[in-house]
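Common to both upcoming complexes is chain A, partnered first by chain B, then by chain C.
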Partner chain A sequence: MSVARRCSEFLVSRFPLEKLSYEHLANKTVPVHKASWIYLLGGLTGFAFLVQVVTGILLMLYYQPTVIGAYDSVRYIVQYVPGGSLIRNMHVWSSSAMVVFLFIHAITNAFARAYRKPRELTWVTGALSMFVVLGLAFSGYLLPWNNLAVYATKVGLQIAEMSTLFLPGPLGGIGGQMAALLTGPDGIGQETLNRFYTLHIWILPALLIALVSVHLLLVQIHGMSVPRFAETSHKQEKFFFNFALKDLSAWMIFLTLLVILAVVLPYDYLQPYTLLKRYSPLAAAPSGIKPEWYFYFLYYPLEVLPKVVVILGTMIFFAGVVAAPWLMEYVPRMWGKRGEESKFPIVATCVVALVIVALTLFGQNIVDVMRGTSAP
Partner chain B sequence: MRHKSPHLYSPNRIRRVVGGETPPLQFVISRIIIMCAIVTAVLCATPAWCFPPYAKWISKQSKMQVDCSYCHMNSQGPTGSGVGQLGSLSEEQKTKLDTADSPILNSFGQSIIKRLGYQAVVDNVADPAKLADALKSSDLDGDGIADGVEMEHGTLANDPESAPWDLVWKVRLQRNIGFVLAILVSGLLAFVGLIGLSKKLR
Partner chain C sequence: MIDGGNNQEKTVGRRSLIVYACAAVLGLCGFMTAIAKQVLGFISGPNLTSAEKSHMVNQEMNLLEEQKQYDQMKLARMNTSKLPVAKVSDLDKNGGKIFTDYFLLPAVVFKNGENSCIARSAVCTHLGCTVQPELVDGKIYCACHMSYFDLQTGKPLAGPATIALPEEPIVIEDDIIYAVRPSGPIKIGPSQTPMNPV
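Entry: the complex of A and B
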């Protein structure tokens, strides 16, 4: 069978015409079992993104994407604009919440084996969305133009530059060219801010909306995956409007907690003031520069292991996450088992989850040591 | 008889060093500049308006990174010719150095002089905790955390956006309790309403 034919058959089976009808989508059901709460996580991730979009648009009314005005405009928003502090802190806290929900959503779906046929593309679009979310977080970090923002971005760009150095020939320079494309010709400055701002408010959100749209369509077509322990239960409930109302209830709880958190604990209180001062290219870099907490799983290994090992390992890991539907099927065959029978998918998911959580916690310890708040 | 060493810049010595008949003007000027730089560096190394023990004490207490901008205009301290540094001051500004309007101090540094006097800063260098204690009755930025407490926690006493998070959340909760309660009640009502509707539709 030709490759083109196999591809077309693959796509037809993943986007079956009969399931694209209004009747099918409107009559979608959701499995009911002990772990049904995992189905709320995708909606919560989407809602956190919606909060980001709304608060982001409000912040755009005052934010000035210039190296002269960015820092002052953020201060102005927080100190003088009515509700500005609330909006900005909702934006910042919801970005962290989105990453938390996305991580738990990915891990629980891996346990529920939601990558299996015919949901491969659902998994792949979700995994790609995760990288776009991390890109959104990285590009947004620069916008306040304080010490933390600029120096953390410099570190990120250096990592991007090194990311392809081990590749042969001209491929080795791709990382450097990518970093140069993001930075602009004159080093970190106005052009860098322009490019990061454009990425943050246009390119990456558009990409995320496109990916999430396909992801949601596939979820509506193929329904939710059921964990192994709940396969015997055949209880279902209608998506419209029983489950949709549960989704809305969860969103209400999240929104309530988010607003209270944004009012009571502004995010900047968690950082030393030296890191939050206006960036000056002439001043010395303050100590304690670090990426946002959701990059600690990369940051900690970079501190202790050779950079090439970490970068190569990270690229293999990311590729593995995207290719999980096929890896989980074909790797067990190496020791003569079918994907269904093997414990490899569960073990691999546990290891990945534990490693990421452990690295995130160790990364925090490194930061504490740099600040001198705990013994090394 | 003790041999008298020639003067550092005696014409004979300079001739010997440069190996010429007459010392070049550039040589003399460069030596004068070096001498001036050494004298300036010695004078400015420990100016009377610089008290590093305070920054060290705040860093030690709070385990947070603290620089001179905690009290000074410039994060590098008063030494130098940058903004808020001694080298950039006019004669008129120099007369205000010991006062509450000192041009090298930020609003927190100025408030310390205003409240406690310059002498208190000098006297407490050996025991900065006393200065912090003396500032526990004032709250310059109005964030609800006393200036002395902010010193102990390494957060800025003149910036309401900087405060110890483990203390400030209680203050902010108290200040916004009406708003927080309204949000809680409305969130709860929405939740109950949606769950009720979901049950009815079932």
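Entry: the complex of A and C
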């Protein structure tokens, strides 16, 4: 069979568009079993994104993407604008919540092996959206233009620059060129802020919406995947309105908790004052510069292990995440088992989940032990 | 009302349906009103006192002044071969000064003995933070990840950095320290030296 033929057959079988009808949508059902709560997580991630869009648009009314104005405009929002502190803190906390939901959504679907045929592309679009979400988080981190923001971005750009240095010849410069594109022609300054702002409010959200649209279309035409242990039970409930109401309740509970969190725990209270001072090109970097907590699993290994190992490892890991539907099927075949029977997918998922959780929670302790120093 | 059929389907009577629907609509209206009030308040903005307003305008003018100095420096670096960056009399035994060099990157100048000074790039070769302008036990210190560098040679002494901080050429004339334009083309980038490759 020719390659073009195989490609078109793959696409036709993965996009059975004939299922896309009003009938099908109206009569959509959701499987009911012990673990059907995992079907709420994708919706929660999407709802958190909706909160980001609404609060983000509101913040744009006052935020000034300029080196002179950025810091003060954020202070102005928090101190003077009615409800400004609430909106800003909802935006910050909801970004963390979005990453948490996304992570649990990915891990639970990996355990449920929801990426199996014919849902490979659902997984791939989800994995790509995850990278876009991390990009949104990274680009948003710079916007307040305080010490924490600018130095965390400098460190991030430095890592991008180093990321390809181990490659031979001109290939080694790719990372540096990417970092230069993000930085702009005059070093870290106004152009950098413009570039990050454009990415944050326009390019990355547009990309995310496009990816998630395909993701949702695929979920709609293939229906919910059922984990293996529940395959024997055929209990279903209607999407309209039984499951939709569950979705809505979960969103409202999240929104309530988010508002409470944004009111009682402003994000800035968790950071040392020196990190929240206005960035000045003529001042030294204070101690305690760290990325947001969801980058710890990349950042802490970078502090102690050789950078080549970490960067190469991260690239392979990310590629592996995207290619998981095929890896989980074909790797077990190397020792003669079919993906269905092998324990490999579950073991691999467990290892990845444990490593990420351990590095996120105990990264600093692990670094201290490996360096032989105690925490400062 | 729940009927006990085989398929466990729940049905709701007409009367309770109307009650539920009314409650839901009322709740939703209240919820939307609360949100609309909050959002409208946010959009219409604060009523500042004139003291607050003048404080903000003053602050902005100070910032514009700083920006003007920075822009003047950018202009000077394009047109002159040396930039005034500090005064010798402002430095003391351990206290140096951070300045912006010809690469538009932070650099730092320290006293080196009685009458001479030494300048080095202030971009830490570990991950690019700006090093401290105060010496710690005679060593240059980066607080980000606790790297120490030798003042004389720039070599890393402790911490995660493995590459030396490059020296920057300076001249001193009548108490004023000038950064000297490096020979060759100036390429602006995140750093002027390669960072630790491994």
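In this section, the second predicted complex is superposed on the first by the 363 of 376 C-alpha atoms of A that agree within 3 Å, B and C clash if a C-alpha of one lies under 4 Å from a C-alpha of the other, contacts with A are read in each partner's own complex, and residues count from 1 in each chain.
We take it that contacts are C-beta pairs under 8 Å (C-beta built on N, C-alpha and C of every residue); 3 or more make two chains touch, one makes a residue touch a chain.
None of the values given here were measured: they were computed from a predicted structure.
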First (chain B), second (chain C), both or neither touched by A:Ala26: neither
Contact-wise, after the overlay, does A:Tyr80 reach chain B, chain C, both or neither (first, second, both, neither)? second
A:Tyr273 contacts which: chain B (first), chain C (second), both, neither? first
Counting residues of chain A touched by each of chain B and chain C, the higher count belongs to C
With the two complexes superposed on chain A, say which partner A:Ile260 touches: chain B (first), chain C (second), both, or neither. first
When the two structures are overlaid on chain A, which partner does A:Val155 contact: first (chain B), second (chain C), both, or neither? second
Name the contact category of A:Ser287: first (chain B only), second (chain C only), both, or neither. both
If we overlay the two complexes on their shared chain A, which of chain B and chain C does A:Ala358 touch? Say first, second, both or neither. neither
Between chain B (first) and chain C (second), which does A:Gly176 come into contact with in this model arrangement: first, second, both, or neither? second
Touching A:Phe241, do we find chain B (first), chain C (second), both, or neither? first
Residue overlap on chain A between the chain B interface and the chain C interface 283, 286-287
In the complex with chain A, residue positions of chain B that touch it: 59, 63-67, 69, 75-76, 154-156, 159-165, 168-169, 172-173, 176, 179-180, 183-184, 186-188, 190-191, 194-195, 197-198, 201-202
Going by the contact rule at the top, pick out the chain A residues touching chain C in the complex. 58, 61-62, 67-69, 72, 76, 80-84, 86-87, 151, 154-155, 157-159, 161-162, 165-166, 176, 179-180, 183, 185-189, 281-287, 289, 303, 306-308, 376
Which positions of chain A touch chain B when the two form their complex? 75, 78-79, 237-238, 241-242, 245-246, 248-249, 252-253, 255-256, 259-260, 263-266, 268-270, 272-277, 283, 286-288, 371-373
Spell out the residues on chain C that touch chain A in their complex, using ranges where they run on. 38-39, 41-46, 48, 52, 56, 59-60, 63-64, 67, 70, 74, 98-100, 103-106, 122, 124, 127-133, 142-146, 160, 188-191, 194-198
